[in-house]
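Should a chain be cited, it is by its letter among A, B, C and D, assigned in written order, with residues numbered from 1 in that chain.
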Amino acid sequence: MGILEVKNVGKRFGGLQALNNVELSVKENSCHAIIGPNGAGKSTLLNVFVGKLIPDTGSVMFDGQSVLGRTPYEINQMGISRVFQTPEIFGDLSVMENMMIPVFAKRDGSFRMHAVQGMMGDKDIVEKAETMLEEMGLAEKRGMQASSMSRGDKRRLEIAMCLSQDPRLLLLDEPTAGMARADTNNTIDLLKQIKEERDITIAIIEHDMHVVFSLADRITVLAQGTPLVEDHPENIKGHPKVREAYLGETAD
Amino acid sequence: MDAIVLQILNGLDKGSAYALIALGLTLIFGTLGVVNFAHGALFMIGAFCAVTFSRILTWSHTVIDETKKDFLGNPLKVEVPHIYDLFGQATGDAIIDWAVPLSILFSIPVMLFVGYAMERGLIKHFYKRPHADQILVTFGLAIVLQEIIKYYYGANPIPTPAPAVFAGSFDFGALLGFDPNTIIYPYWRLVYFAFAALIIGAVFAFLQFTTFGMVVRAGMADRETVGLLGINIDKRFTIMFGIAAAVAGLAGVMYAPINSPNYHMGMDFLVLSFVVVVVGGMGSLPGAVLAGFLLGILESFASMAIVLDTLPGLNQIIIYLVAIIILLTRPRGLMGRKGVMED
Amino acid sequence: MSTSNFTRRGVLKTSALAGAGVALPTIFTASSAAAYMNEPKGSTVTLGFNVPQSGPYADEGADELRAYELAVEHLNGGGDGGLMNTFSSKALKGNGILGKKVEYVTGDTQTKSDAARASAKSMIEKDGAVMITGGSSSGVAVAVQALCQEAGVIFMAGLTHSNDTTGKDKKANGFRHFFNSYMSGAALAPVLQKMYGSDRKAYHLTADYNWGYTTEEAVKSSTEAMGWETVNAVKTPLTQTDFSSYIAPVLQSGADVLVLNHYGGNMVNSLTNAVQFGLRDKQVNGKNFEIVVPLYSRLMAKGAGANVKGIFGSTNWHWSLTDEGSKAFVKSFGEKYGFPPSQAAHTCYVQALLYADACERAGTFNPCGVVEALEGFEFDGMGNGKTLYRAEDHQCFKDVLVVKGKENPTSEFDLLEIVEVTPVEQVTYAPDHPQMAGGELGTCNPGA
Amino acid sequence: MLGLDKKDYTLLLIVAGLTMLAPFILNPFPEGSGLAQFNAGYPDLMQRFVIFGIFAIGFNILFGLTGYLSFGHAAFLGVGSYAAIWMMKLLTTNVIPAMVMAVIIAGLFALIVGYVSLRRSGIYFSILTLAFAQMSFAMAYSVLTPLTGGETGLQLKIADARILDGALEAGEQARANLFGLNMSSSYEMSVGSWLFTFNTGYYIAALVMLASFYLAIRIFRSPFGLMLRAVKSNQNRLNYTGLNPRPYTLAAFVISGMYAGLAGGLMVAMDTQVGPERMFWTASGEVVLMTILGGAGTLIGPVLGAGLIKYMENILSKINKDILHQWFAFLPDGLEDFIITLVYPFIGKGWHLTLGIIFMMVVIFLPGGLVEGGQRIAKLFKGKDADEDGAQTKPAE
C-alpha cells in the first residue's frame, strides 16, 4: 500500500477527457515523479490531489483517507504540502512572518482565534521558524520583505514553509520551471538533501528530465490523461511508449 | 395585463439609462482595467452640457420695458436672447425649443475632450495601482466635479425641457391592441429608449466590425499579447475612454428632459450603475446591458401598488436584494469572466 | 488678524480677565457664573444660523442665510429696517437686542440630522450662540430642536412642514413659524372642492418618510371629509429619481386627481414625470385629470419649470402678497439682493425678528424668559396677517396661502399666483388633535 | 509594557498623551483672536474626533489588514446607535448598558452580513456590503419607522420607560450619564485669554478610544493579525498552508463591525439622538476616506484621517464670507475682493470641494496616506539611515 493511492480517476472538461482511468501508487518515503508531454494532464492530476478539482470518477486515498471533496486547507492539515510552479509566498510580509504562518498552522489547525497574544512572544513558534530559516540558509534575510527577494530565494522560502509543517507528502509542481541551470542544480541538491534527511514522501511533476532522473525513485508517465507506464527511472529512459509519447515516434 | 406591459415599458426605459451608464463603465473597466467611480459624474456633466447649451442659446441682453413693472415696482428688465437678433424671434424660439437634441452635437466634442483629459491627466497613472486606489481617486474626482458644477449652477434642479413636439404623451397601448387609454406613454421616453438602443447598437457594431474595435476587443481579452504585436494599444484605449465618456455624456444629455438635471444626479446613479455592472458581470458588455434592463424592469414591478400592499418597502430595496441574490448564486454576475476583480 | 468680532461666549470677554487657573464646574458649557446657557456678558450677542449649505437644499439654505443677514442688519439699525417698521410689536429699536449688537455664526446642516446637530453644537459650545435657527427639513428641525432643549438655548425652526415638529416631537425651547401638513390639508381642501368638485377620486404618491406620512394623512383626511375618495396611496423611496413606474399606473386606477406628497428634488421629478405622462391632458370619469402638490416652494417650482402651470398647492408665504409687511420685506430683500425672497427666507427672517422682539419684551436672553414672551404672543405686520404663537405647542397660527402655478410667468421668480388666502380659523386645530398626538412639550430649559 | 514592544508602547503613550491633552492642543489660539476660528477644542468636536477614530480603527482592522473593502460599514454604526438609544429609552440612561448593547447588536448584524458577503471577494464583496447597508438605510428611513423613528430619528423623551431609573423630577430631562456623572458636564479653565474645556463625555469617549486603540495594536501584533495580513497578501498560499481564510476574515469583519457599533453607541452616549443618514452609503464612504487619508493598514493613520475629515467638516464649513472679509480687511479693497473670490469656493459651503481635492492629492501622491507623508518628512530630517527603518516598519506601522 502506498501513502497516496489513486484509483480509476477520470475528469472531463467539456469535450476533453483530461484524466482517464488514472491509477497511481506513491510509496511512503519515496520520490515519485509524474512526467508527460504538455497537456498530458499532470497539472489536473496535481489539482485533484490538493482538493482544487474533484474528479468525476475514481478515488484518491491519502494514508487510508479519501481526499476527495476536501478543501485545500483540510488536505494540507492531513499532511500534504504543495510547492507551486511560480513560488507562492506572502509577498507583503517579512521572511520571518512567512515562516511563522505555516508553523502556526501546523500547531493550531486551520483556525484559531488568538487575537491578543503577541505573535513574537510565542517562543515555540519563533524558535521553530528561526531554526527552519537557519536550515534553509535564509536566516540573514529574516527581516526582508518577501517579495523583494530573488526568485531562487523565494523558491527556497516556499519549500522551507512547506517543510516546516513536517508534511508526510510534499507535492512539487515543476519546481525548476524557468530557472537557470545553476539555480536548477541548487534546487536539485536541496531536494536531494531533504529526501535524505527527512522521512518524507515527495511527488514531483516535472518537464525537465535531468531533474526527474536525478531525484525520482519511481516515475509515472502520463499521456493524454492516461498513465502509460509506471516504473523505475532506468526502465523508463528507453521505454518505447515513453519515446512515442514524447517524440511522436511510432513504436516498432 | 396592461399594467404588466406598462411596467415592462417603464422598466425598459429606466433600464436603458442604467444600461447606457453601465455600458460605458464596463467599457472602461474592460479595456483599461480601471474602476471609474467618476462615471456617474460624466453622466451628470453630459446633462449639464444640455443645460449649458440651452443657456448659450438663450444668452441675452437686457431691454428695459417701461410698460411693465418688476417685483419692486421698477421698470421690468426683459431678457432678449441674442439669437432673436440673429434669426428673428420665431426661428430663434424654434432653435431654443430644440436645445436638448441640438446639444448632442455640442456634448460629443465636450465629452470626448473631458474623457481624453481625464484619461491622460489622471487615470493613466493608475493603471498599475490597485483597484482600491482607482476607486478612491475617481471617487475623489467625482466629488470635485460635482462641487464645481454646484458652484456654477447651484444645487437646485434646472428644468431642461424636450422640444415641444415631444412634450406630450400618446396612447401606446392602442398601437399594441390594448384598450384605449390604458397604456399612455410619453414621446420623449420612447425617444430615449430608441436613442439608447441606437447607442448600444453602435458601440457593439463598432467593436464588432471595425479593425479598431477588434484590436480593442483583443486587448480586453489579453492586453499583453496585443501589445506584443506592436500595436499601440494605449492610444486606442485612450480613445475608448473618450468614447465611454461620450456614451455617458449622451445618456446624460438625453436624460435632461426626463428629470431636471442637478449636481448630485451623478452620485444618485453611481451606486446603482455599479450594482448594474456587477450584477451583469465585471467586464462583460452584454452583461451590463442585460443587467441594466433586468434591474430596470424589476424595479418597475416592485413599485406596483399591488406588490407594495403585500410587501411594503420592497421598492426601497429591490435593486440591492436582486444584486445580493444574483451575486450569491452566480459568483461573477450574470455574464462575468473568471478572475476579474476578485483580488 | 485680531479683527474678528467672532469671539466665543460673551462670558469670555469679561472673564478672560479673571486670570489663569480658574476652573469652574459647569453643566454643558454654560458657566455657572451665568444664569443661563451662554448668557451674553459683553456688548454683543451671538446667534447661530444653521442652514443647509451643501447637499440638495443648498440653494434654499443660501436664501435663508441671506434673510438672516438682512435681519441682523435691521436689528442692528442698518438698512431700511424692513419688517421692524410694520411689526405690531414695537419693542425693537434698531440697537441690537437689549442694547447688545447682534453677531452671528453660520454652519452647514448638510440636511443630515447628525451634521446639523454637530454644527449647532459647535455654535453653542464654541461660539456661544444663545439661539439656533434655520434648517430646511423636518428631520433636521426635530433633531436640532431636541438638541437645543438639552443644551438650554432657544431653537427658532426654519423651513419644516411635518406635523411632528410641533406635534409628537415638540419641545419647550423650540418654536415654529412655518405652517405644517395639517394646515396644508385644511387650507387646500376647500379650494380643491371649489375648483374640482366634491366627487373626485384621489391617488396619492407619498415620499416614504415622516413628513410624507403626515402630509398624506392631512390631505387625505381633509379631502375625504369633503367627499373625495382616496383610490390608492403609494409610498415612493426618498432616493427615487425616476417616478415613471409610480405615475404610469395612475391612469389605470380610475383616479382623476393625483396628489404628490413630495418635496424638493422628489417633487420636481415626480411632477415633471407626471406632466410628461400627459396626465393633465386626460379626461377621467368625465373630468379633467388634475394634479395637486400640497407643499409648494418657489425655489423648487423653478426646478420643475413649465410643469407647474395650473397646479394647486399651499405655501407659507409668497412675495406677491400685498400686505404692508410683505411689501416691506420684499422691498428690503429685493433691493439688497436683486431678486424676491423665498418663503424660506421669509420665515427665517421673521423668526430672527420674533426672537429678538421676545428678548426685548422679556428683558432677558434667558430661554425661559423668551419662551414666556413667545408663548401666546399675538402679532401682526409680518406678512401673514394676524398671527398667534400658541402656548400649547409653540406653533404659529396664521393665514395659509393656496397657490397655483402661473400660466404666464413674467420672470423666473414669478411662478406662483395666490389663489386664496385661507383664514387662520380654518387651519386651526386643537393641540391634542390626533395628527399631532403623542408628544410632550416639557418645560423650558435655560441650561444652567 | 502591557504586552507591547517598545515602539508600540511609545505610540500608545503618544496617543494617550495627545487625547488626554486634546483640550489644550486643539485650542492653540486665544479667544477673540481671528485665528480662534481654527480652534477645535470644544466638547462636541473632540468627541467626534475620538468616536470616528474608533470607527476608523475598526474599519482598518478589516480593510487595512485583510484588504477587503467594505462599502457598508456605516450600517453597523447605525445599528449600534439604534441599539444604544433603545437601551437608554427602555432600560436606563447610564451609558454602559447602551454601549454594551450597541457592540453586541452590531456584532450580530456584522456576523450575518459578513457571513453572506464574504462568500465573494474583490469588488463583488464591496457591492454586497454596499447592498446590505443601503437596504438598512432605506428600511430605517421608511418602513421601519416605528422602530427607528424614520427620517426624524429617535431621541430621549420625557415619557420613555427607563425601567431601571427613578422618575424624573419636574423640569428635569433624561440625560446620558455614567452612574450619575453627566456626559455633558464640563470644567472650564481660563488661562489668560485662552479657555480650555474639559468635558466628561469627551474623556469617557477618549478612554474608550484608547482601549480600542490598545486592542487594535494587540490584534495587529497577534498571530491572528498575521493571518489577516496573510489573507491580504496571498489567499492561495494561505489555503495551501492549511489555514481556512473564511473564519479569519469573518472574525475580522465582526470585530470591525463591533468597533463600528461601539462608535455608534458612543455617539448616542455623547449626543442622544439617532438618524438614519448615519447609515447612508456616503457615510460608509466617509470612513473609507478617513482610513485611506490617514494611511490604511497603519495603526495611527485612521485616527489621523478621521480627525482631518471631521475638522474640515466642522471648522472649515463654518468660515463664511463675512469672516473672510474680516481676515483680509487689512488689504486694499480691490485686492481683498480678489483674494476672497479666490479663496471662497474652497471654504465654508465649498468644503466638500476642498475635501475632494485633498483626498485626490493624497491618493495620487501619498498612497500610504498622512502616515506616509509623515514618514517622508521624517526621512528628510533623519537622512538616509532612516531608509531601512522605514522599509522594515512599513508592513505594520
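We adopt the following convention: a residue touches a chain if its C-beta (ideal position, glycine included) is under 8 Å from a C-beta of that chain, and two chains touch if they have at least 3 such contacts.
A quick note: this is a predicted structure, and the numbers were derived from the prediction, not measured.
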*asked:* On a CA-centroid basis, which chain has its centre farthest from chain B's?
replied: A
*Using the touch rule from the top, point out the two chains with the most contacting C-beta pairs.*
C-D
*State, to the nearest whole Å, the distance from the C-alpha centre of chain A to the C-alpha centre of chain D.*
46
*Could you give the separation in Å between the centres of chain A and chain B, each centre being the mean of its C-alpha atoms?*
52
*chain C to chain D: how many Å between their CA centres?*
33
*Approximately how many whole Å separate the CA-defined centres of chain A and chain C?*
74
*Do you know which chain C residues sit against two or more other chains?*
54, 58, 208, 235, 237, 239
*What positions in chain D touch 2 or more of the other chains?*
138, 141-143, 352
*Kindly provide every pair of chains that touch.*
A-D, B-C, B-D, C-D
*Taking the complex as given, what residues does chain C use to touch chain D?*
1-8, 12-13, 15-16, 18-29, 31, 53-54, 58, 61-62, 65, 105-108, 112-115, 117-119, 121-122, 125-126, 137-139, 142-143, 146-147, 149-151, 162, 164, 169, 208-211, 213, 235, 237-239, 439-440, 442-443, 445
*In the complex, chain B residues that touch chain C*: 2-3, 6-7, 9-11, 13-14, 17, 68, 70-72, 76, 150, 154-161, 167-170, 181-182, 184-186, 188-189, 257-260, 262, 264-265, 268-269, 299-300, 303-305, 308, 312-313, 315-316
*Please give the residue numbers of chain B that touch chain D in the complex, ascending.*
35, 122, 125, 129, 131-133, 135-137, 139-144, 147-148, 151, 267, 271, 274-275, 278, 282, 312-313, 316-317, 319-321, 323-324, 327-328, 331-333, 341-343
*Sites on chain D touched by chain A in the complex*: 3-5, 215, 218-219, 221-227, 229-230, 232-234, 236-244, 247-248, 251, 255, 391-392, 394-395
*Given the complex with chain B, which residues does chain D contribute to the contact?*
67, 69, 116, 119-124, 127-128, 130-132, 134-135, 138-139, 141-144, 281-282, 285, 288-289, 292, 345, 350, 352-353, 355-357, 359-360, 363-364, 367
